[in-house]
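Next come two complexes built around chain A: one with chain B, the other with chain C.
Presenting the complex of A and B:
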């Protein structure tokens, strides 16, 4: 039991208290056991997460990312004591603070800070795992950006994991703060400039966006152009939507990306007027296939060069000849 | 107002007839007939065979629905059908019937988003007001909430759907597909005792199931563990993942209600785990039984009629199907 604790928030998996710790006020994060989970699974997950959180928090702090300072870890009770950060949560800033809602300069400034912080976190191979605007804060005293809640963090140097990390933020950003595409672009921009290996991560991010069942999501969110007639915007959309569109629409149907309210599938006859305004042919289905194929070929070529192994073409994927499953 | 709904996006063929009293707002379910394409153990359902099944059974099922409901054709106001998402061939074979009947009976037609159908039906049956929706079925695994005039996806699976994971698992163990693989896994799991550790992958509000399947394949061959234990461990693991992301979404949005919809949603163990989670958070959980959880025609009729009442009609030339639905164009 924590002495003199006041509960301030019950999150998804932990209770957050404030309590005096030696001479200071501390945030006490207590992971409680879940009744719905099997005891073995519960124990395993809780211990693993407490350890990982403490480790990542410490590692970040050591390399100069502003995070709450780690005071004490009580593994027995799955509790972490850390610094009480005075400041505002970014989500609240963007939702309630009129300065941040209206002032683009302020937004960009904030976005830049976020980008730099993320770059630092990824630099030391830490994956935050739950990047949302609720887990970012602005410190009251010096307005520096604090990354909090490392509850789902882990250590990995794979661009893939970092890209997914960014993707989670993108999704959280766009689903909680509509019309914040520009801000997210700004974040990525700052990230690119401040992280040497960002190129690999960002190209992976483009892949992640197109992957699997998230495709249709990209049509819903993402930086869908606000201007319907601009060819460049349209091209961007083709790139993003291509994989899904090749399956989505039959050949005589076309899609127009515009503001959500105009975003509809139209029959051919109704498209004719709009078609003139868009440069070039916009048969989504063939564009999609072409794009898919180009990407596939590129990927295959790259892999071949890397491993120098012969591949069998199986149509949609290729497999190395006679290579056993590699051990991790 | 009376609507008839045609559903056939996967292996269930469902026809439902629903009545909305526009004045009192009371919803009356007149018929809910379903015919499932069941394949032998160890196999799944293929689009082509499923389409053949739907084509074979749709006329008797429609007749049965009309007979059960005691509704005259002239009383029906609108015909609703599943526009997507789903398997192409089954979708089209059912849509053709809906379209033909619309022409034959001279009724307006409304294309319905399958997912919205599930959610609206769940809300109607349980009277949940503004819940976080966990939509779990053979093709979808999503955590959805309504915000800014749209249903928005907050978390989902990064690869296969949970129902797909369960189905394929049942295929590995050669469990029966009758009435559904998920039901048989649930029954086996009740006898399971030993908990076997399986990969547990939660990334933010997203989950991933594909690793579990390949892991189970190796475990099954290497260790000596009974199918019951495997079923038990699988359910405990995947449902814990689902409950966790739902809880995260609830904490993120600040909601106290959860609604479970979709075929996997009728699993009692999932409902129980969700109830335990919600109890800790002092909230409420809503779930329905297999009549409304598993794909059915009623939900299509219901969602379609709601859209129709607001003036939405799908013109005949646009009454197409899509395998992947862009959520924006629902209604």
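Presenting the complex of A and C:
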């Protein structure tokens, strides 16, 4: 460990120190090993995460997002040395600074900076992964917005991932401050203006808001039973189906009109043209069963041809006729 | 000449940085370097590509780190020498030495280099921004020197990762 380091924070993944480093002050982020993991796996995971963090941090810095400058990566000790940014954490500003709490102009100014920064981050396909108001700072010297902590960052060009990124920030905003809805609207506004591909991300965001951060298992066919009035779930089902078994789902879709609030959620502009048929209700369970039966029959037919054995159909499974049961 | 300590490797000694102007024997020095002259165990760097002493310190720290952990992937320094090393026409030279006694290094260098020693802070005057931008792949939009230095330092640091 570096000389004269002072611990300033300890999290679940890493310890943060400050220390003098080659004439400057550095933040030293040391990822420690986890005793509950196998040592080899632990080493591998930690190294990969350190590298990923350093890469994302520097990629952002290079593309003009204000982040702490990267000083040194010590892969052997899983430590990253970076610039010590003097400034205030946005969360503290919104919670304790009376200027920011009362002054709408100041808030909008801050929101605009955040929106622009996020647009830049997403522009180069980096997903921050942990966008909260605690991971945003205002630099003391020039009041520029600094994005920190790329510990959960990764590279992806999917609008889905970007939308989840925004969603996480929205949740963080809503929980810090009573007026934060307006502020978040302002952020999205700046984001839209500064990021060309924002349309896809924002329409995804509408979906993510409805279902939450995680894509849960019930998005898969057959497991949910009935899917009613859920715009987001619906759309995902069709996407998935069109990949795995387009014929089955699109041909059997029973289309009826949903309740008014459902149309409101969808919005006219977000879903148009070929996606109109999404408005409706379908019984996924029966479709899932039908699809499984088809698959089962196909599998049996194949096996029959290969082994030349007759099978008795027992519903979900089948038994070959005249063949003794296998030893377990 | 200025000396700096390496916080990470205090036992490796200090880093000495000197800057020489109006150097006349660059061609001779280069020739001796290429013929593996043991007397010249210094890093002779063209001042054109040095923006700030912090850049040198980060690079030196990285080099020491790689040396002590034997992480050097290649011994081929052809490209680096061509870009950052002195050329026959160099007149401003930065010299970096890891370890050794400051006084000895200073007196030894003054016999080796025919030129006038200048203050370390002065080498930002002889910097060639366009070649720095080319070597470190810095976007043309970047004009602020401080920001440029951040990107340079990051590029050096990220090299061991990617």
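As a working rule, the second predicted complex is superposed on the first by the 199 of 328 C-alpha atoms of A that agree within 3 Å, B and C clash if a C-alpha of one lies under 4 Å from a C-alpha of the other, contacts with A are read in each partner's own complex, and residues count from 1 in each chain.
In the analysis below, contacts are C-beta pairs under 8 Å (C-beta built on N, C-alpha and C of every residue); 3 or more make two chains touch, one makes a residue touch a chain.
Bear in mind the structure is a predicted one, so any value in this text is a computation, not a measurement.
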First (chain B), second (chain C), both or neither touched by A:178: first
Partner chain in contact with A:23 - chain B first, chain C second, else both or neither: second
Residue contacts on chain A - larger count, chain B or chain C: B
Contacts of A:129 with chain B and chain C, given as first, second, both or neither: first
Where chain A meets both chain C and chain B, residue numbers: none
Touching residues on chain C, where the partner in the complex is chain A: 4, 6-8, 10, 53-54, 57-58, 61-62, 65, 69, 138-139, 141-142, 150-151, 153-155, 157-158, 160-162
Chain B residues within the chain A interface of the complex: 147-148, 152-154, 156-159, 195, 197, 200, 202-206, 236-237, 239-240, 243-244, 247-248, 250-252, 272-274, 276-277, 279-281, 317-318, 320, 322-329
Residues of chain A that touch chain C when the two form their complex: 2-4, 19-24, 51, 54-55, 58, 61-64, 69-76, 81, 83
Sites on chain A touched by chain B in the complex: 10-13, 32, 34-38, 40-41, 44-45, 129-132, 134, 152, 164, 168, 172, 175-176, 178, 212-217, 219-220, 244, 247-250, 253, 255, 260, 263-265, 267
